[in-house]
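Next up: some structures, all given as structure tokens.
First chain A sits with chain B, and in the next complex the same chain sits with chain C.
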Partner chain A sequence: MTDALATSSAAPDASSASARARAVAYLAERHRLQIWEALPWGLALAAFWLFPDRLTFGSQVLVMVLFALSLDLILGFAGIVTLGQAAYFGVGAYTVGLLAAHLNWGEPISGLFAAAAVAGAVGSATGFVLLRYRGLTLLVLTLATAIMLQELGNLFPRLTGGYDGLPGLVFAPLFGVFDYDLYGRVNYLYVLGVLFVLFWLVRRIVYSPFGQTLAGIRENVGRMHAIGSPVRLRLVVVYTIAAAISGVAGALFTQTNAYVTLGVFDFDNSAGVMVMLILGGTGRLYGAFVGAVIYMVLQDYLSKESQQYWHFGIGLLLVLTVLFARRGLLGLFEDAGAFLRRNPKP
Partner chain B sequence: MTAALEIQDLNKSFGALAVARDINLTLPKGARHALIGPNGAGKTTLVNLITGVLQPSAGRVLLDGQDITALPQAARTRRGIARTFQINQLFRGLTVLENLYLAVAERMRASGRLWVPAGAEREVIDQALAQLEALRLADDALKPVRELPYGRQRLVEIAIALALHPRVLLLDEPAAGVPSSESHLILDVIGALDPDIAILIIEHDMDVVFRFAHRITVLVAGAVLTEASPPEILADPRVRAVYLGEEAGGRHG
Partner chain C sequence: MSPTANIIVSILFDGLAYAMFLFIVSVGLSVTMGLMGFVNLAHGAFAMAGGYIVLTAMRSWDMPFFLALVLTFVLVGAASVVFERTLYARLYKATELEQVLLTIGLAFMAIATFTYLYGPRPQSIALPAYLTGQIDGGFRTFPTYRVFVIAVGAALIAVLWYGFERTNIGAKIRAAVDNRRMAQSIGIDVDRLFTLTFAVGSGLAALGGGLAIQLFGLTPSFAVLYLVFFLLVVAVGGLGSLKGTLVAAILLGVCDTAGKYMFADAGGFFIYALAVLILLIKPAGLYGRD
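After this line comes the complex of A and B, so read on.
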């Protein structure tokens, strides 16, 4: 039927007017909230009541969701392939760690702002250089950036504690009122609240004209240059935002654990967050949720079964995802939904 | 009156290989200029030099009398040079409308906005749709570009360039790969373009060239062989030799 419309374009009038209305509606509506978007947040709140003794683990999952979200912004939306996102996670983690250990600055919210500012500044400076490159070169350079920051921390053990890190950090009660309880209830809601705010921010950016140019850069960077887009500026901007969000994730990691070690800069951390995103599905916001939850729960379960071989289970799932669900689990859901719409039950 | 586009003594070499040699070319406002020549003559290279994809080894490119030789590609586009590509360069995973949206948003300097929804930029959407309607693509607005037949993708390729409202338009074999049953759609669009735009068209189909162009430049091995009106080109024995030579099996680097 659509083919018939396409060929009858010689007669505009009604069909063209409705096509125009549909096209305008599509762009004007797509950023509106959908009902199903309440689901992950509802589940996160339900988990608070259902697993009261696993909330410390739950906070770690939410931290990784936020970290994966920041990677999604640059990898999924802008197509920047990186293996060094742990660099900015680590910078944020150490920002609040150093402030608490040396300056007695344990107020959590202002700590997050400080972490975002420092990680964003580092992201902007490194991005300015890194984003001249693409593909494999970029991959290796981002990897090297994280390693260099780790070694920088190792160079000043008096400040950073070296490989032992900064143990026993003390953070002030949230808003000066809510102290940290043994079951991690405050922490869980705190991390969930921060995740919610930053998720909303990322969502706005993704659906903005700026977000549209990121999709253009991902789809065809050559044509973006040809239509006059300042590609490198756009990339540095989004890279900086993602670095700041990674920094907040790192800061939450330090605050909820009350310690931090140079392990946060590890390749494992950069690679793990990418695996999470691939499992969940890149470039679709909620892929970060799905992927981080699956990865963390599976890791938790498998590492209890076998201390040494839990990587195998994750690896197997990754291989299956890449082979049979290239767009991640959310992509699989979308395909299933599209299939059902095309072939409704009689 | 200053020319819309002026190329002065342009040279480009890759090592010992000279792909552009002392090229001079002037497009006045509203020019309809064809660039022809055998494969490998350097036609697309010249387009890349004009648009800033490649930096010349020597020579200048002037847009409305202003030297733009040092400007990067995107800055030249913002000043009014647009091009289409010999092989489609589309945002294949995006819808036709989004393809146009990107171009219009760049022209209207709206694409840096982080904090408004893309759908709230009604002026951008309206202009993107108007461009699609002008090329009778509006019914395909919500289809992903990669699902369109090749001929219609070729129209999107042109629509993106036109959405930039260029003063100078470079068309690199706009009908290449399009079945002849559909190529008239593309030629109609090109024939109906704004008479103020200066157009340089690379084309192999001589019927198209002679129907469309007022001036023709023949490029051979990176250098201008001759520039003249269509009838003069037709009568030029050197041009015939170049083309017949190729058809007889001669290969030109």
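After this line comes the complex of A and C, so read on.
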């Protein structure tokens, strides 16, 4: 309105009409696949050929991308601030771990479904209770949920192996055909495939009317209540979906490592995945890719030097991100792009 | 004395010593959160830094324990003002998520710095002779150091209670916690008040860190290891409430100790279960406002 008043009297109609047309075009087009969206997948495949001896590490990165993606769904799109997403990652990880260790159920794909079902069930049960709260109470409750699950695992050491975890798990070949090789080639492609399928799912969710409701809840929860949207139900549903995806990430973690320990429930894990997402940028799907890759590569590189360098580096990066790049690295790229468009080179 | 009664006394005594530690560290966090709604996950790092200052003062500068505790209170309190003015103040109006991230980042950097300086292994200090050994309580003996921690805690409670309830500044803080905008509109400088409470709260955290060396051992990971407990105490007690923080610290301290006495393997579970239960029933904490 203020813009319209500032310009001449004839201009507002034309400019607001064209602005509206642009907005409509944006809304109608934004879910379409863009050409650059092939880039991360191309890079992931290129990495398969370029770094044949680092594929085990590569699988770990892809697992964390998936984990960060699940967090993006609730943190970036629904605006739920949680410090305990490792709870569901851990539940998924232990689901396949326990099945393989005690029931000899080592078939990987059905293991993923089992992990998703169990983590989703835990997510919906905890989410039903937790999502009534906000602020510090929610932070503390989510944090406590993860620690309680960890302590619960520690209560039954005969089943879970306590803090030593479940080492030396055996998983069946993928589709009964592809056995796991020393270089992790099968694992890498397996994780990439699962990531692709779930990414497609998350992308569909985000651009669906359901996804729009989530954005509405994030931006203005009072207004969503006012227009009669079932806010709590929507939140529980998305929390459950995110928990199931986190569970799949945890299951992949166990399957690719062939072991699992109670460390998966650590605060470090919950905080780490949040840091990844923030570095990349929340609420933009591909932020999970950028953030997880940067975080894991930095960790790999700096931890070789010394653990302290890594902790200091990630702490500093986090502080700088919050102070100067609040929308993450992808946000920074966008800002730079917008700046260049506004001030084209002479 | 019967064995059962003996165990109950032990639980109450150790639990109370633990509760005093939790209270001393958490009270600053509670008041600053109540005042500004700022989620400060670096609070544990101030406690950890305080512990290392006590350690250095005693080992390298041959300072007596008491003086080292005073020194750490002053130094960390002063240093926290620098952090508050340069970093925290920029984020008062930012989202909770950004505050969480900034302070996690600071905590990580603090852990790295202190690991670099002091190494990752647990450290201990040589206490003066009058704080070691046992005190005869008539029917049984008590470890002197824990009696000392309880005494320090009780003294601080008295001082804080007086400061909160009987002084002008305390009244201003309570007013600002209740309704910040109203307090501002009648001319209370809430920003300055916050800086002051932040400094005192951080200093108290450092003092708690110094006291904790002999209770738990000091490592750089202290900064996040006990952070969860501090947050539990603050959330269960209710933001900005002195009384709530004290009640929550005693409740959680005694229950945690009891859990560890009775179920050595699973002791950790009960304190979380208890805290979650309380928060589910009273989301704003025992003495907080909805």
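In this section, the second predicted complex is superposed on the first by the 319 of 346 C-alpha atoms of A that agree within 3 Å, B and C clash if a C-alpha of one lies under 4 Å from a C-alpha of the other, contacts with A are read in each partner's own complex, and residues count from 1 in each chain.
Note that in this section a contact is a pair of C-beta atoms (placed from the backbone, for glycine too) under 8 Å apart; a residue touches a chain by one contact, two chains touch by 3 or more.
On a predicted model such as this, the values are computed, not experimentally measured, just so you know.
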(message) Going by the contact rule set out at the top, does A:Ala121 touch chain B (first), chain C (second), both, or neither?
(response) neither
(message) Contacts for A:Leu75 in the overlay, against chain B (first) and chain C (second): which applies, first, second, both or neither?
(response) second
(request) Check the residue A:Ala215 against both partner chains and state whether it touches chain B (first), chain C (second), both, or neither. (result) first
(request) Considering only touches as defined above, state whether A:Leu298 meets chain B (first), chain C (second), both or neither. (result) neither
(request) Please indicate which partner A:Pro230 is in contact with in the superposed arrangement: first for chain B, second for chain C, both, or neither. (result) first
(message) After overlaying the two complexes on chain A, where does the chain B footprint on chain A coincide with the chain C footprint?
(response) none
(request) Enumerate the contact residues on chain B facing chain A in the complex. (result) 51, 53, 72-75, 77-78, 82-83, 85, 89-95, 97-98, 101-103, 105-107, 110-122, 124-126, 129, 133, 136-143, 152, 160, 164
(request) Quick one: which bits of chain A touch chain B in the complex? Just the residue numbers, please. (result) 2, 5-6, 9-10, 12, 15-16, 19-20, 22-24, 26-31, 204-205, 207-213, 215-216, 219-220, 222-231, 234, 237
(message) Quick check on the complex: what are the chain C residues that touch chain A?
(response) 33, 37, 39, 87, 90-91, 94-98, 100-102, 104-113, 115-116, 224, 228, 231-232, 234-235, 239, 265-266, 268-269, 272-273, 275-276, 279-280, 283-285
(message) So in the complex, the part of chain A that touches chain C is made up of which residues?
(response) 75, 81, 83, 129, 132-133, 135-137, 139-141, 143-145, 147-148, 151-152, 154-155, 157, 267, 271, 274-275, 278, 307-312, 314-319, 321-323, 326
